[in-house]
Amino acid sequence: MSMVCLSDFEAYAKKYLPKIAWDFFAAGADDCSTRDENILAYKRIHFRPRMLRDVSVMDIRTKLLGAEISFPVGIAPTGFHQLAWPDGEKSTARAAKAMNTCYIASTYSTCSLEEISAAAPGGLRWFQLYIHRNRTVSQQLVQKAEALGFQGLVLTVDLPYTGKRRDDIRNGFRLPPHMKLKNLEGAFEVCEMSLLDPSVTWNDIYWLRSLTNLPIIIKGILTKEDAELAVRHGVQGIIVSNHGGRQLDGGPATVDALVEVVEAVEGRVEVYVDGGIRQGSDVLKALALGAKCVFIGRPALWGLAYKGEEGLQEVLRILQDEFHLSMALAGCARVSEIGRHLVQFSKL
Amino acid sequence: MSMVCLSDFEAYAKKYLPKIAWDFFAAGADDCSTRDENILAYKRIHFRPRMLRDVSVMDIRTKLLGAEISFPVGIAPTGFHQLAWPDGEKSTARAAKAMNTCYIASTYSTCSLEEISAAAPGGLRWFQLYIHRNRTVSQQLVQKAEALGFQGLVLTVDLPYTGKRRDDIRNGFRLPPHMKLKNLEGAFEVCEMSLLDPSVTWNDIYWLRSLTNLPIIIKGILTKEDAELAVRHGVQGIIVSNHGGRQLDGGPATVDALVEVVEAVEGRVEVYVDGGIRQGSDVLKALALGAKCVFIGRPALWGLAYKGEEGLQEVLRILQDEFHLSMALAGCARVSEIGRHLVQFSKL
Amino acid sequence: MSMVCLSDFEAYAKKYLPKIAWDFFAAGADDCSTRDENILAYKRIHFRPRMLRDVSVMDIRTKLLGAEISFPVGIAPTGFHQLAWPDGEKSTARAAKAMNTCYIASTYSTCSLEEISAAAPGGLRWFQLYIHRNRTVSQQLVQKAEALGFQGLVLTVDLPYTGKRRDDIRNGFRLPPHMKLKNLEGAFEVCEMSLLDPSVTWNDIYWLRSLTNLPIIIKGILTKEDAELAVRHGVQGIIVSNHGGRQLDGGPATVDALVEVVEAVEGRVEVYVDGGIRQGSDVLKALALGAKCVFIGRPALWGLAYKGEEGLQEVLRILQDEFHLSMALAGCARVSEIGRHLVQFSKL
Amino acid sequence: MSMVCLSDFEAYAKKYLPKIAWDFFAAGADDCSTRDENILAYKRIHFRPRMLRDVSVMDIRTKLLGAEISFPVGIAPTGFHQLAWPDGEKSTARAAKAMNTCYIASTYSTCSLEEISAAAPGGLRWFQLYIHRNRTVSQQLVQKAEALGFQGLVLTVDLPYTGKRRDDIRNGFRLPPHMKLKNLEGAFEVCEMSLLDPSVTWNDIYWLRSLTNLPIIIKGILTKEDAELAVRHGVQGIIVSNHGGRQLDGGPATVDALVEVVEAVEGRVEVYVDGGIRQGSDVLKALALGAKCVFIGRPALWGLAYKGEEGLQEVLRILQDEFHLSMALAGCARVSEIGRHLVQFSKL
């Protein structure tokens, strides 16, 4: 099987993963409108490519809060990587490090933060957390992540309750007994999302701030109002995200929400986006609309499902090559040349 | 068969109901454009969800003309429930009461108002009526409903003649001989819609007013002009409805018409909407656009077809849970926090 | 087979007509975009129906240049009716008379004007003509039509050359040898369209005017500029038409062009429309946008193909009933109450 | 097999060409959005056809930089014609000359410029070139083309690197060993695109200008900004092109980009367009939007694949006839009568 583009990895994963695992990764909330809109929205954005620019020397590197990455695609936090590949998040960490990009490890990892760190020492990693009813759990996780060299905290704010994913209900999805949520062992039962705290508000950002010196990135913002609040509460970054369409069905496509968030933020903090990235030109579109970097969720899992660390590297390399080529064909030799002028929204 | 969402009940009903009954419930006028638009229109409305609101204590109750219901979904008037389940409207009444919501009983019920009342004493019920050529019939029905404790009169105004439903014509649809329109026994022949009075005008609202102290809700309004007339003629509520797309094909989707009706009414009377509600987030969208409550028609019949009272309760419980979850995920802890700011119309 | 709506007749004709005849009637130019747009455009128009109007006494009659017809649907000029039914245009004339509406007989009829007149004496008929290179032929036809009691001349202006209809070319379409273009016998060879004069201009309207006292209706106008020219050149009526999408592919849907023509004409002459009418509500939409009457082409042929005169009457009766019902459901008791306020264009 | 329209040739080529050759010609970049948009965009443009113009004497000739061609359709530069027909570009040159139109010979021809010239002496031809890292190669090609009587130089500017065409990668596409890039023999390896110079900028236009007296036409412009730069750098013509959707996926349809380029250029140089032309009415639309001429790529290859020179002539004759007919049906007797007033963009 020849792996030419991300859809090839998707097809592989759909064919070879157990149905229950495929369904879990593919799931969107309700009738999956938002999940699918994330992809469709990119099709409605057209380039205005410029010609006869010197693109002989390309530089596609960028920086995430000051840390250089080889190209503006990181790995979004997703749970349960052992469902895709036996080594789970250890493979993910190795692939990210090999490709010199950022990996946001999920609280719901099937490897512990220690294992993840040990698997790829020195890799750029952020830690994604939820705020639990039992704040001590969250506090311990934050402090462990900081101690282990994670360089950012990604607070997910769109999951006061878990979205309704029909296939997971039909399948009675649960983590298989031989897999563990290593970061929560002893603290909770497996998959016991109801231990997340739905009473969290903006004030809890101050509490989080008090626990750590790490930069705080807030994930799940979709409106200019919340973007403004995020800036005012002192976060360092915003990930425009709808949780891959797995939470509130009927929300906007993330690339559409990106526009209003970027406008509201006016450069005061870095803005990133996830959801719907399927080819390198999507990355270019997101950057043209003001994202500093994009993060991929499902495609990373497809890469793991294909060949673990190596498969994920292949996925990242394809995206890197495609992004590189799209930039050149659009007339940009450096990431700093990408701007709003490069795209227009289709009237259709 | 696992009943996870409303489509599961639809699939069940389509599979197990006699074709003639399924066709009757599913029917839309002409080529069913309006029936289908009712559903599609919800897909074009996107949320602008807000994060980090305290949604730990949710309150999804609302009030219909002062009467509390457990969540803003009632049961729209539809006829011939015995086609779906032997106990017919008695089951419907019981399910509505069990779920603490409002049931609008149709004139074309296959149980009498007395039977409906006796089946679920104390339940919140409104009575839907047409104005017949023989006004005495309508008058007697109104007075009976009032005497039996119905708390509102829903006057359907979009059926001066019956819409053209092709499949019903092809099937030669008639109520089976062992079912009766109990409220009209002795007064008319079964299904004899032509006894409805197509000469009814706004002045007849005054006549209706003179018969009863019950609040009058007018069902079938689709324009701001008629909404204004309704308010001026002293009704207490408006149901924005196109009769499930069964009357005039080519009319607007109800959720689109809702916007102009709400704007015209400016809060002077309560506005409700029916048509196209298929998941809890649709309810949230309708409320964001100004509806006080939505009513479901076909989904209630699918619930009855599945397991009678119990099946309808399941349908209502699913909608309730989905609405509850959507509210929380959109950042609203109370119905009063839902507002126009929560949604936008897709440019596509 | 139960004939409930026009699609039933279409399905019948497609099944039972010889392929070559079906293809000829169904043909559109090139890839048939305009033919199909004629139908789709109606779907993008939504009603704003009004309620509680007295619609007990309906009057759906209208007048064409002063002559009353039973409802605002006439029969557009189409050729070769014997391909659909042995009696050809004689059946068409009888059905139109029986339904008390107007039939526009085509120059390319397979019955002579004399036969058509004799088949249904006293029926309201207009005669459709082209201007031939040999003007004497056209002059004789005009004068014969006038002498036979035709009450209007419909000059088709969108056929300086015949459109490219791929299936007709593939089929090598020709009229079967036993059928004749009776009105042109002796004058031309069968189907010899190239004898039409592509040099015709607006000045030829004056020449036509000089030949006859009949009102002149111009068929094939699609722009406000040409509508203005038509009025200035003294025609009595305009048929907004794109020849059923059989001439220039890529032209506008007729109901879309209707809007600009009606605006330009400002009531100075009557405006009609053909193309894409498939149900009674389409008629209502066209009238709401300013058409005085619509004309049906292919549906009339389907009716003929089904049962000749009787089949065409069935088609007309269905449209009449549907139009009647749509009017009532939209709140109009008389044709004069139909207006622009009744419709809106979908934003989608 | 009856060849009635261009799709017939497409179907033939798809059926009879080796898959690897068909895939190469059909290929678009990435998921082919832009390739397909080129065609769809024409469907969104509607004519505003005018009637009763004298179209008895039609003149569809036009001029390309002063040289008369029989109708405004030329042959775009595409490579590897021997993949379609043994005689390759020699057949193309003969067909173009026979039809009295312009053929833009590609650098990546499988016949040499000398062979092409000898095959059809006196034909109107332009030469398409890339600028190679080794400028001497480009210089020699330019001077050879000029010496051989080519009358224009078409500089392709949208290929600093080759677009990602998935099927070509899957197929391992390479030119078969018995075919040669005759113009580059000795200079490069077959298909070695990486020898193109991605550092080319607008200043290289001055270098090119210094090599030759031929008019320079720049191919691949999609924005008003680049159109302005092209004019300022002294080119004689612009081909609005996205390389048939084979380079940057997500770019605009060429006919949409044409509008902004024409507006920017304000008649200072000639503007042409390629991509998506599939019937004569598309040509008319492009001209109405300001193109002086269109060029066809894939349809020319389908013609070659069908019957070589003769097949390509058939393709051109069909387009010519369809363009002729469309012009007449839209009311234009001469190319100079075609203008912006003739078209409108669909609101949908």
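We just call them A, B, C and D in the order they show up, numbering each chain from 1.
Everything below uses one rule, namely that contacts are C-beta pairs under 8 Å (C-beta built on N, C-alpha and C of every residue); 3 or more make two chains touch, one makes a residue touch a chain.
What you see is a predicted model; the values in this text were computed from it and never measured.
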| item | value |
| --- | --- |
| Reference chain D; chain at largest CA-centroid distance | B |
| Angle of the C-alpha superposing rotation, chain A to chain D, to the nearest 5 degrees | 90 |
| Copies chain D and chain C - interface residue numbers shared by over half, same or different | different |
| Separation of chain C from chain D, taking each centre as the mean of its C-alpha atoms, in whole Å | 42 |
| Interchain centroid distance [CA atoms averaged], chain B/chain D, Å | 59 |
| Multi-chain contact sites of chain D, meaning residues that touch two or more partners | 348 |
| Overall pattern in which the protein chains touch one another (line/ring/star/complete/other) | ring |
| Touching pairs among all chains present in the structure | A-B, A-D, B-C, C-D |
| Residues of chain C that touch chain B when the two form their complex | 2, 4-5, 7, 42-43, 45-57, 279-281, 284-285, 321-322, 325-326, 328-330, 344, 348 |
| For the chain A and chain B complex, residues of the former touching the latter | 30-31, 33, 44, 157-158, 160-161, 163-164, 166, 169-170, 197-202, 204-205, 220-223, 225-226, 229, 247-252, 345, 348 |
